[in-house]
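Before we start, here is the structure in question, set down as structure tokens.
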Amino acid sequence: MASPPAKNENLRRTGPLKAGHYCGVMGAFGIPNAGDFIFNGLYSLQHRGQESAGIAISDGEKIQSLKGLGLLSEAIAPEDVDKLRGKIGIGHVRYSTTGTKRVQNIQPLVIEYSRGIVAIGHNGNLTNAQKLRNAFEARGSIFQTSTDSEIIVHLLADPEHIENKDPLASALEHVEGAYSAVLMDARNLYAFRDPYGWRPLSIGKLGDGYVVASETCAFDLLGARFVRDVRPGEIVRFSSEGVESSQFAEPQKHKRAQCIFEHVYFARPDSILFGETVHEVRVRLGERLALDAPAEADAVISVPHSGDPAALGFSRRSGLPLEQGFISNKYVGRTFITPTQKGRCERVELKLNVVREVVEGKRLVVVDDSIVRGTTCRGRLDMLRQMGAKELHMRVSAPPVRNPCFFGIDFPTREELIAAHRSDEEIRKFLGVDTLAYQSTEGLLAAVNGAHDEYCLACFTGDYPIAISDCMDKNAFENRCRV
Amino acid sequence: MASPPAKNENLRRTGPLKAGHYCGVMGAFGIPNAGDFIFNGLYSLQHRGQESAGIAISDGEKIQSLKGLGLLSEAIAPEDVDKLRGKIGIGHVRYSTTGTKRVQNIQPLVIEYSRGIVAIGHNGNLTNAQKLRNAFEARGSIFQTSTDSEIIVHLLADPEHIENKDPLASALEHVEGAYSAVLMDARNLYAFRDPYGWRPLSIGKLGDGYVVASETCAFDLLGARFVRDVRPGEIVRFSSEGVESSQFAEPQKHKRAQCIFEHVYFARPDSILFGETVHEVRVRLGERLALDAPAEADAVISVPHSGDPAALGFSRRSGLPLEQGFISNKYVGRTFITPTQKGRCERVELKLNVVREVVEGKRLVVVDDSIVRGTTCRGRLDMLRQMGAKELHMRVSAPPVRNPCFFGIDFPTREELIAAHRSDEEIRKFLGVDTLAYQSTEGLLAAVNGAHDEYCLACFTGDYPIAISDCMDKNAFENRCRV
Amino acid sequence: MASPPAKNENLRRTGPLKAGHYCGVMGAFGIPNAGDFIFNGLYSLQHRGQESAGIAISDGEKIQSLKGLGLLSEAIAPEDVDKLRGKIGIGHVRYSTTGTKRVQNIQPLVIEYSRGIVAIGHNGNLTNAQKLRNAFEARGSIFQTSTDSEIIVHLLADPEHIENKDPLASALEHVEGAYSAVLMDARNLYAFRDPYGWRPLSIGKLGDGYVVASETCAFDLLGARFVRDVRPGEIVRFSSEGVESSQFAEPQKHKRAQCIFEHVYFARPDSILFGETVHEVRVRLGERLALDAPAEADAVISVPHSGDPAALGFSRRSGLPLEQGFISNKYVGRTFITPTQKGRCERVELKLNVVREVVEGKRLVVVDDSIVRGTTCRGRLDMLRQMGAKELHMRVSAPPVRNPCFFGIDFPTREELIAAHRSDEEIRKFLGVDTLAYQSTEGLLAAVNGAHDEYCLACFTGDYPIAISDCMDKNAFENRCRV
Amino acid sequence: MASPPAKNENLRRTGPLKAGHYCGVMGAFGIPNAGDFIFNGLYSLQHRGQESAGIAISDGEKIQSLKGLGLLSEAIAPEDVDKLRGKIGIGHVRYSTTGTKRVQNIQPLVIEYSRGIVAIGHNGNLTNAQKLRNAFEARGSIFQTSTDSEIIVHLLADPEHIENKDPLASALEHVEGAYSAVLMDARNLYAFRDPYGWRPLSIGKLGDGYVVASETCAFDLLGARFVRDVRPGEIVRFSSEGVESSQFAEPQKHKRAQCIFEHVYFARPDSILFGETVHEVRVRLGERLALDAPAEADAVISVPHSGDPAALGFSRRSGLPLEQGFISNKYVGRTFITPTQKGRCERVELKLNVVREVVEGKRLVVVDDSIVRGTTCRGRLDMLRQMGAKELHMRVSAPPVRNPCFFGIDFPTREELIAAHRSDEEIRKFLGVDTLAYQSTEGLLAAVNGAHDEYCLACFTGDYPIAISDCMDKNAFENRCRV
């Protein structure tokens, strides 16, 4: 008898569920040529994701979408955007975390269900995704992507929620973890954020319309005015009836858990994030580091461009002159391949070059924002030494990254994190520097004028704001807890 | 209050449900480097679909897929195929019926459900697709494509069927319409065909393994040996336990409804289709036409290459010499664009050229396989007249196409079908020929050695083998009955 | 002392001089949007060259050009053609004879000299190219391409000729070998042909303007009317003063040497070549073959599409029914690559497929236009045998190719030519056929209604119309005589 | 009578002669896999030219080349470089000065002449190019490119020079203007520089071999060691006999004329240019500006990244804090196109974004390296004002550009140069800044530790080191003096 796999067959799946982490989202309501608007705005968010890009636009009746793999400029042709008509839309850029680039996973997902058609774009990571998915599959549901966003739409379409007064709020009550998302149907735009507020999401105003973006730098580019952030636990609905806000989770029940790593590394310096300009936070991180971990040196140099603002702050507070020790080659891009290329190391050397005269015979403070694996950093420090640097004092504007993130930042595995299993002194020797100092968590919180109950510092401290439902296993951290 | 669309909002969807019609499918079981095999085999099926192509391969544990828009050579890179490892696989090519090329619709669909992962590739058109979809949506299911195949997997995953001894058979009992499909999980390949057998699906043997293809021409290319067709209403399962056949629908309950248009136009002449070599059928169609509708003429010419075999048959039976009146430019392809291009007409003229000496001053029988809109045909006949043809006697190897197909052939709308609202005499005048004759339905059936209860001739006769569930409307035909 | 290579250093050059052979040329004068016109016309000549394509257009003051590697559709973007303004222009397509595709060699060459700017496009092969080039180099001239065309312009610019009443005529007197060329300056178009007339070149009329093309099939496509051929030894100048003809070489001094291989294989069947429709010549070749080399068989099949007209003629004269034994896959194109591809053999098999029912158990006459290396042909005959052909009678519509061509057809080396060193019986065994017959030279000349002193049959007979200046070496044939 | 253009016809040419200005050149001798080496090295020189790239490699017998339009990564495929075998080679990148991208102009030019084959790559601009070309044309020479390099090879091939002991030296004696070039034959590499030394050219050592590059930053990348500059008027020959130097022009006869604009803007900051590290020169320019033109302000910001080093110097000397007022979007590249793009203005705004908190309410010193047209600069200053800057003090690290360059820098026409016809006060008003100050020429020379007779400052002063042969016309400057 022909028959599908028996119940107890335990076949491996296509791969672990992939979070929607390291993404950027955009939304527009009431904006003429919303497609152009979103396309341009996604350029400002490109640093949040380079694997794929997508746009979905509604003309008030139907939703059309454009999607593709790669950078925005590769994924979507401007002449195709020109053909999209409508004043409502969402957009998405997605980070490349693996070599597997599946076209099915490109967001926005455009999905039909009993109430019509919706499109969704999502930044974050649901921590109970696998549990929810198992439950849906047990009821007969099928899944075509490995994204969290698909689960949110399954919940939305569930008869249990759909009869509710506010189906989206009802659906989100079942979701755990980090999500800052935009969702649209043919006539409405929704922006919502999980009750802890891990990922940013801001609202701007442009003419008579509204825009939503992961970062405010998109507003500047487009001439929009920043209004406010979407609040943790809030759904904002933009419709022909105006803007309505509802709180699906009481804020007092949750302490906030804003991702401090956005400020340290991920967000663009010109964005206003969780109420602070990122650039200013980073300068303050450098200033604090100069106070807490001074160095006797001739000059301060930055690892471009991630360390630039902190180096500025370090120089300013320490009184040591700022210098430009590295030059970056803007033509050695993402697509750089050389005939003899053997991997990432070679690429780093092609991307950066040392200014010998700045470095030779000098005692240098070298400032960067973070050390993850340590190998790239060591390669760059080697270049300085080969060019004759006399002393190297590494200063890192964040504390050591020791723990995985379950809320949207894709760190390497615990084994690969240099600080997970090594002391500062071991790391110093590995890097081959004369002194090494990290930021303290106190310094970090001081720079954002924040407190432990407003920010998530779990990657530094291991102190996770919530229990991770999908990870009961004691080896969870090692397995990256993605089932 | 923020809320999704109210229940009574009647928003238009992304578009009508698209059938999986005009497609080609491939399957492989126990074939080393199944990816290469399927990739090469799809070249033989490229005439069945040029919009997109996809391959899914299992290494026995997990399924990997490659997909893309366009011709096989554009959609999938051979170096990517090289990386696929596994002995089980399926492949799919899809026809372009509209300008909208959605990446979501590219088959095979790869879907996870409670029993693991499956991939499906489908050729045909379900006539109760919308009804089934509505029912699923009412229960909370979501849809990401506009393909029939997604519905089949929803059925398969449904708890109602999954507990069944044969879930696939149980699922297919709910499906109406045309489908010839391949489905795989990580360890098994399934090939199945609807109880009427509209679309072809054949099994071949290659070494220790098995292959499945929409047309047998794929077997020849690959060195496989044709074994037999998948029977209407049959599921064939290929597994490590061997080949198992089960009949999910009793053949006696259904008369057959094999698509005669496959023989007339769609299939490749070197395929053995429903037991007959297509080329031979087409030659017989021309022979019969010569008997039924002779013409006093100097020569017979074909419209290349669709009319070639029938022209051969007409010449052979009539005794009129065959001539080559048109030369086709093989470099004017699908991607042909000229600076001054104004549409389809210009392209036709660039694609074909007349051999003046063959045509000038001659009385010609012009043979083609079918006339759909009539405009292309008229353009070509005009070219002959401009080159000095004295008389033109149009002979068409099939009857006039007057009715839409709901089972997988994508004719234009009834308005556009020249024969739907015009008499033969009106068409003759429109084409500007001296005489015009079509094949009779008797001639058609004679050529396939068939009977009315073995073939579907609905596009010619309007006599549909089954009622069309999705089309209760009296304007169904005009609306093409796609909801 | 730093110094360039000493005089007696004998460094090897970039490679042998490449003839302009296997090319197609176009010209236009007084044609609005000449760029569009030439672009479209080159599509009709694409069979004469697929390595590169180029267009040069004059607006009466300056010349602009577009060039690229590959097929016309790859080499030149239609939107760039749109930007070319002017009523005078030339175009060129070039055959790929080697893997080395040098951008410098793409024609038309656009060259400045003392009289201004000229562009030239050339089909043919100068037999004293190396001698002329050596002489120029000795005088200090430099060469940037490996094309014959560059030499013609060197001659034109030479003060010896430039002071002449007709510099072009004066220049051409020094050139030996085959050339059918178009040349333009900012205000004039010139078309000229060597005194023997190896390669074709025809003039057409379109509205108030004139067109020139290697083959008349380009005129049909463009709606132009064929007027006459450019005569051997004639320069036709198209200018604002009208059309002027001059004879730079007296026709009576030269017997003609029209390339019969154009009729056999190279030209398109719908062209009128040297006064005969190519298709008709090919049908007559088949008819003659049927008379001279009949076979007892069940059917005649063609190797598509080169053998189509001769098979038609053979069937017609022999009374044996024509059949379609091979189906060609139009999607397996020039860019076809499969993951497992091992070379040309595999490609042949993918490109053609056998119709089993036509072949199985049959005694077949197989007709093709020529056998060059024999390997492709053998592969195809093998396919027929594997499909069950009972007897195979190979009939070739031209005599055996035994000698290299120095006038523009790029045969493989003498070693590779199967007929150069083998008897007919040896070839028959190599091909594995029951009988093999070639056309006689008498049959060949009869088909073109020609005589030995009007056609060049050197590739068949070894009887070269002129001595080959560049080839004094006794191993000339083996070395392909290209220095 | 058919005849080419009469002598007195004065037809316009394809366009003005294009200088080889704004280019980068590479050379390699005795380097295994020289192709890889040059390919990688060209990445470091990409800032000197983005229109086209080319590589020519000799295996000791023959020269092979790869060329293409666009950035290195677009022009040349790494897998093609892999196939080049040889230890001698040259490479070239070329700047885009016009929309016309002619494949003929891509360097290196590979040319055959009486002594064999040579390849040449050139950076600079010959001021007697047209005069030389006219003379050659009068003698019957032909030209296929609009590059200076072609003229140098014509001279080299000239019998007058070829019989000389040192043909290259003999040829160069006839050339006027700026050139830093590499030339190779199958066995030797030559590097040479005009007697004034406008453009840089340096020699490095790598293992047993030698490398040559326009800038030393290429050496760092490749692990080569900087040895010395090619001297003005020197030919360096690299051969199997070793390295030989010869002086074709006596240095004492010429004052030097090193291009100061290379230091100001064009060269990469990590290069050692004319004996000074570019970065250091630029920092000193900022320091001097702070002394000569101080401003009462809250902070110093740079226009990234051209103004970075000078802003560093200004901040250091003035004591005003350095701030990061602009953020540049690294994903908005050269290929950036938006659906609504209307020109360069929009692109500027997308490329740079202002950090509001840094700017709002502040009195800012804004430092850039130069102002050419003024429009881009004004756009950026507008952005600062819109973000709330209180005062803007523009400081430019070079003097006003008032004159065209005939030696290799492609400024816009005199009309477009904002400083050519306007006073500083007029420019200040145009830019809308509170104060504006330029560097003095004294400050400029002080920064390079140089004197007027070592540097060319003509673009600032109009004091050209040599008379411009090609420009006798009184409107020469306006016509850009390119005949």
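Letters are used for the chains, namely A, B, C and D, taken in the order the chains are written, and counting of residues starts over at 1 for each.
In this section, a contact is a pair of C-beta atoms (placed from the backbone, for glycine too) under 8 Å apart; a residue touches a chain by one contact, two chains touch by 3 or more.
Remember, it's a predicted structure, so these values are computed and weren't measured experimentally.
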Intersection of contact partners for chain A and chain D: none
Chain separated most widely from chain C, comparing mean CA positions: A
Between chain D and chain B, distance of the C-alpha-averaged centres to the nearest whole Å: 60
Whole-Å gap between the CA centroids of chain A and chain B: 45
Centroid distance [mean C-alpha coordinates] between chain C and chain B, Å: 40
Residue numbers of chain A (touch at least two other chains): none
For the chain B and chain A complex, residues of the former touching the latter: 1-5, 7, 9, 11-15, 61-65, 67-68, 102-104, 106, 109-118, 137-145, 150, 153-154, 156-160, 162, 165-169, 185-188, 190, 235-237, 244-246
Contact set on chain B toward chain C in their complex: 33, 35-36, 39-40, 43-44, 46-47, 50, 71-73, 78-79, 81-82, 217, 220-221, 268-270, 272, 277, 279-280, 308-309, 312, 315-316, 321-324, 327, 329-333, 335-341, 349-350, 353-358
